[in-house]
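Each of the two complexes below includes subunit A, the first together with subunit B, the second together with subunit C.
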Partner chain A sequence: MSSLVGFLCLVFAVGINIFLIFSKYLLKLKIVSFNILIRLSCILTLASFLSLIYAYLVSDFSNFNVFQNSHSDKPLIYKISGTWGNHEGSMLLWVSILSIYAFFFSFTKKIDLNLKKLTLLIQSFLHISFSLFIIFTSNPFLINSVIVHEGLGLNPILQDPGLAIHPPILYAGYVGYSIVFSLAVASLMHESNDLEWLSIAKKWSLISWTFLTGGIALGSYWAYYELGWGGWWFWDPVENISLMPWITGLALVHSLLLVKGQQILKKWIIFLSILCFSLSIFGTFLVRSGILTSVHSFAADASRGLFILLIFFIITGFSLVVFLLKFPDNNKPVKFLFINKVSALIINNILMIIATLTILLGTIYPIIIEVLTNNRISVGGPYFNSTVIPIMIPGFLLMSIAPVLSWQTNKIKNSYYYIICFILISVIILIQSYLTEFNSWGVIGLILGVWIIIASISAIILSYKLKLNFKFLQNINPHLAHIGVGIAIIGITCSSVFQKEYDYNLNTGDNFIVNEINVVLDKIETKNEKNFQALRANFLIQEENSFKNVKSGKNYYPVSKMITSEAGILHQWDRDIYFILGDQKDEKWFVKVYVNPFVSLIWLGIIIMICCGFIGVIRK
Partner chain B sequence: MKKSILLIPLIILLAICIFTLIYLISGKDPNKPPSALLNKDIPKFITKSLYDSNITLSSDNIKRNVILDTENVERKYTLINFFASWCTPCKIEHPLFFKLSKEYDNLFILGINHKDSYSDATKYLNEEGNPYNFVGVDSDGLIALEFGVFGLPETFLINKKGKIIFKFMGPLTKEIINNDIKPLL
Partner chain C sequence: MILNHYFKYFLLLFISLFLFYFEALANDNLDNKVKSLTLELRCMTCQNQSIYDSDAEFSNDIKKIVKKKFEEGKSEYEIKQFLVERYGEYILFKPLFNFKNLFLWAFPFILLAIGLFFLIFLNRKNKVS
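== the complex of A and B ==
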């Protein structure tokens, strides 16, 4: 029953959107009725999605999708998250978020009504495309042809609280760019010269970028403690795909924040808006078509891939053609100075685009080569580390002083102070690393991170008077965001360059010393949980006079016959001690221990960036 | 700015769509080896030993061993494993090779060290142990290219006629060794 309701709601939502597109040419709908129809379509889409959630909640195995991806023994939260833990459900989530964005956008005021209509029409077109994709190739409301009383279970690796909310947040980022995209294309088609849409686009792009940051961070935090490989970023194709719209989105947000009637920037912003959303769709295509192998192994189906490829081609192709034909004329050339805000911004934008293209090339290169030569090649960490990181370094250097650059002149206030500061930091870090452990990447990363933090703090102190109110927070928000980046860079550098690994073969009761800390393998026990069996090793970690417990082990999921590893992590502010329990051999347990210094700084930096993103949205 | 510059994104879009379209239509599956390789002779390659660059091993060695040598070696199968110190999943499957080499005397395990530095590779093998009968160097990735390696780790099983009879992408597990590899040996 819920399947039928869900399916019909989705079909009606598509019907409304098709009606809206025809109404542009047949009837002259008033904006009020237009808004109401958009909101109605959103409510219907959400009803469709909620009825799928309901089917999962009550374990309605007459629905084929529920039968394949759920099990009545699953805890409540994973029954809900199972809704989007599979291909069909996650596409429905995609469309639902798309319609939620349209819903909120329909409340926008202070915008030319025709421009608003056009934007919403483009949103409607996106809604129709992806809904048809769901209806024809990935219908989550199919009825099971036989009567069953138990489901097949959710991939156990996805049974994790972090991962349960990872897809909705990530999609909120990807799909949010659709509003910016629609606005940009609509402004081209509308051919008005006013710039009011830019400030609206600023808000939406910042929201999307912030969600995308959160989604990527959740995914990589999950990889850190669930995959048990000791790291948090693996240049997996799916990670790369999310990184591309993230970087272009970053370029877009900065361009929008700094646009002040610069005509060339307006064109650039339109192009970036198209690029951001196109990369989001392209990412969806790459993941959903199963064309790349990765941890996101959804069942691949060529017809699905072809359908999304078609959508991607039509949407991106159409917007690029509109961009080509209605390209706004260049009125006044920009005054390029050696170093002012605009030129710093343009340099940074160019670097970000080069980085995106480099990642894009590395990600699709294997496909191109296989088509041309029938050979399969590998593009992994070494390629990305040796290309993307050096491209980003000048950008990071520039970013720390960019907020204090002037709009009009070459002069930087207090430039001597900054130069002396930079030299001092470099010397101190160089000496410090010669005395301890020298690593050239480590030195570069630390200098960059510390420099960004100190320069940003100095800029706050030198440029603003300290006040304890929200206005002050808004003023220093860009600097705070950059401090977040600096903190994250230090965390990334330390945890990757100075990571330490230790292996042990232990009996229970044995003690061993990691980084001058005494650890005891206390006991190993098995437990039966609701839907899995847990094997846990309990490590006692001695800290001065107290003991701390860390549990590490494996879970066995009998329904899907899969084993997942559960890393045990002792979080300290300056390092994570990361325990992985291996196999038992000759009565001894193999235990792997990683010491990851300053990992917490990565998450701290990202949280600061996300907070600054939201503060930036509130800002007028 | 000339309008012709604006054509570049369109051209890139077209190129990407054409390539992915061909890829999709040709029904390739990245989890399976290119059909061209299975049951074919192993590609030609020559590799130097990680520990002594004077010692080399080539695809011909593997084939000749198989046909010419004594009875003991005649049953020799070769397992080629591409690994690197920077490849985290490789560490997961690493201990399994010790077991395999202990259980099967007739199995020659060849480790190909892919795009790695000498110091990192030797450090890795010192720390994790060395289960390989021979460690070959593939610093520029050319051998991996010949084998169509897509991502590390990747493992190939070669029969006594020098043909690839099994290939697996990603870290091996006990189940795969028991269900897929052991029946072939």
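== the complex of A and C ==
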């Protein structure tokens, strides 16, 4: 029953959107009724999505999608998150978020009404394309042809609180760029010269970027404690796919800042808006078509891939054609000096685009080579580390001073202070690293991170009067965001370069010493949980006079016959001690221990960036 | 102002060159060599994990082979060649620098050059106007 309701709601929502597009030519709708129809289509799409959630909640196995991806034993939260833990449901989530964005956008004031209509029409077109994709190739409302009383279960690796909320947040980021895209294309088609839409685009691109940051962070945090590989970023194709719109979106947010300096690179902004959303769709294509080898194992189906590829070509092709035909003129020349705020932003934009395109090429290169020469090659972490990171380093350097640069001249206030500061930091870190453990990437990362933090703090102190109100917070927001980046860079550098690992073969009761801390493998026990069996090793960690317990082990999910590893992590502010329980051999357990210094700084930095993103969205 | 702000970029460049020189000297013991090589190899039986990080049987075998070959005095390049012959190029996370992969490796530099030209162009245009 709920399947039928959901399917009909989706079809009606598509109907409304088709009607909206035709109404442009047939009858002149007033903006009020236009808005109401957009909101109605959003409510219908949500109703469709909610009815799918309902089917999952009550374990309605007459729905084929529920039967394939759910199990009545699952805890409540995973019944809900199971809705988007599969291809069909996650595409419905995609469309639902798309319509939610259109819903909120329809409340925008201070915008030319025709521009708004046009934007919403493009949004409707996107809604139709993806809804048709769902209806024809990945319908989550198909009826199960046989009567069953139990489902096949959700992939255990997805049964995790972090991963339950990861897709909605990530999609909120991807799909949010659709509004910016529609606005940019609409402004091209509308051929108006007013620039109000830029500040609206800025708001929406910041919102999407913030969500995307949150989504990626959740994903990598999940990878950190669930995969049990000791790291949190693996240059996995799907990670790269999320990184591309993220970097492009970051470039977009920064180039929209140029509007504030009265110097507008309209062409560039429109191009970035198109690129951002196209990368989101292209990413969807790469993941959904299953042509990538990745941790994210989704069902592969050629017809789905072709359909999305078609959507991708229509949308990107259409927008690029509009872009070329109605190429906006840049009336005002930019004030480009070496080095002022404008040039710093332009250089940073260029670097970000180079990084994005390099990641894109590296991700699809194995596919190209396989098609052309029938050879399989891999392009993995080492390639990206040795290309993308060096490209980004000058960008990070620029970032540290960018907010204090001036719009008009190439003089920096207090430049002597900054130079002396930089040299001092470099010397101190160099000496410190020679005395402890030397690694050139470590030194570069530490200098960059510390320099960004100190330069940003100095800039705040030197250029603003300290006041405790929200206005002050908004003024120093860019600096704060950069401090967040600096903190994250330190965390990334320390945890990857100075990571230590130890292997042990232990009997229960054995003790070992990690980084001057005494650890005992206390006991190994098995437990039966609701839908899995847990094998847990309990590590007793002795610190001065207190004991701490860390449990690490494996889960066995009988429904899907899969084993997942559960890393045990002792979080301390300056390091994580990361335990992985291996296999048992000759009565002894293999235990792997990583000591990851300053991992917490990565999450702290990202949280600061996300907060700054939200502060930036709030209107001054 | 002699000490203008370009200075620190040169300084950084200088420092980094200096550091890489030292690192080349420091990183010479067997375990480090095995680690840095196996980090660049794909575990063929796992999902996107390097041989160094993986504890699969396949990875442990390759680790032993790499160590043995290093002890025999083989160079990193020779070991990679050996593994590629045996398992195909798929095993290398960092693709070989050959004709097929020329575009992959040249691409970032091409983009950098285009970016640089664009900046020079922008600068020129500004001076003219």
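To be clear about the criterion, the second predicted complex is superposed on the first by the 614 of 620 C-alpha atoms of A that agree within 3 Å, B and C clash if a C-alpha of one lies under 4 Å from a C-alpha of the other, contacts with A are read in each partner's own complex, and residues count from 1 in each chain.
In this section, a contact is a pair of C-beta atoms (placed from the backbone, for glycine too) under 8 Å apart; a residue touches a chain by one contact, two chains touch by 3 or more.
No experiment lies behind these values; they were computed from the predicted model shown.
A.B. asks: Are subunit B and subunit C a fit on subunit A, or do they clash, once the structures share the same frame?
C.D. replies: Aligned on subunit A, subunit B and subunit C clash with each other.
A.B. asks: Can A:L309 be said to touch subunit B (first), subunit C (second), both, or neither?
C.D. replies: Once the two structures are laid over each other on A, A:L309 reaches subunit B alone.
A.B. asks: Touch test for A:L324: subunit B only (first), subunit C only (second), both, or neither?
C.D. replies: Only subunit B is touched by A:L324; subunit C is not.
A.B. asks: If we overlay the two complexes on their shared chain A, which of subunit B and subunit C does A:F234 touch? Say first, second, both or neither.
C.D. replies: Touch status of A:F234: both partners.
A.B. asks: Quick one: classify A:G381 as touching subunit B (first), subunit C (second), both or neither.
C.D. replies: Touch status of A:G381: both partners.
A.B. asks: Between subunit B (first) and subunit C (second), which, if any, makes contact with A:N144: first, second, both or neither?
C.D. replies: It touches nothing on subunit B or subunit C.
A.B. asks: Let me test your reading of the model: by the given contact rule, A:I346 touches which partner, first (subunit B), second (subunit C), both or neither?
C.D. replies: Only subunit C; A:I346 stays clear of subunit B.
A.B. asks: Using the superposition on chain A described above, determine whether A:F422 touches subunit B (first), subunit C (second), both, or neither.
C.D. replies: In the superposition, A:F422 contacts subunit C only.
A.B. asks: Looking at subunit A, which partner touches more of its residues: subunit C or subunit B?
C.D. replies: Of subunit B and subunit C, C contacts more residues of subunit A.
A.B. asks: Touch check for A:N475: first (subunit B), second (subunit C), both, or neither?
C.D. replies: In the superposed model, A:N475 contacts neither subunit B nor subunit C.
A.B. asks: Once the structures are superposed on A, label A:G582 by its partner contacts, choosing first (subunit B), second (subunit C), both or neither.
C.D. replies: Touch partners of A:G582: subunit B and subunit C.
A.B. asks: If the two structures are placed on top of each other, which part of subunit B overlaps subunit C: 2-10, 56-64 or 146-154?
C.D. replies: Of the stretches 2-10, 56-64 or 146-154 of subunit B, only 146-154 runs into subunit C after superposition.
A.B. asks: Overlap of the subunit B and subunit C footprints on subunit A, residue-wise?
C.D. replies: 229-231, 234, 293, 375-378, 380-382, 582, 590
A.B. asks: Given the complex with subunit A, which residues does subunit C contribute to the contact?
C.D. replies: 1, 3-5, 7-9, 11-12, 15-16, 19-20, 22-23, 26, 39-40, 42, 47-50, 53, 55, 88-95, 100-101, 103-104, 107-108, 111-112, 115, 118-119, 122-123, 125-126, 129
A.B. asks: For subunit A, which residues count as touching subunit C in their complex?
C.D. replies: 229-231, 234, 236-237, 293-295, 297, 333-339, 343, 346-347, 350-351, 353-354, 357-358, 361-362, 365, 369, 373, 375-383, 386-387, 391, 394, 397, 401, 412, 415-416, 418-419, 422-423, 426, 430, 438-440, 443-444, 447, 582, 590, 592
A.B. asks: Which residues, counting only subunit B, touch subunit A once they are in their complex?
C.D. replies: 1, 3, 6-7, 9-10, 13-14, 16-17, 19-31, 33-34, 36, 86-89, 91-92, 95, 114-115, 127-128, 141, 144-146, 148-152, 154, 169-170
A.B. asks: Spell out the part of subunit A that touches subunit B in their complex, as residue ranges.
C.D. replies: Against subunit B, the touching part of subunit A is residues 229-231, 234, 271, 275, 278, 282, 285, 289-293, 300, 302, 305-306, 309, 312-313, 316-317, 320-321, 323-324, 327, 330, 364, 366-368, 370-371, 374-378, 380-382, 501, 503, 582-583, 590.
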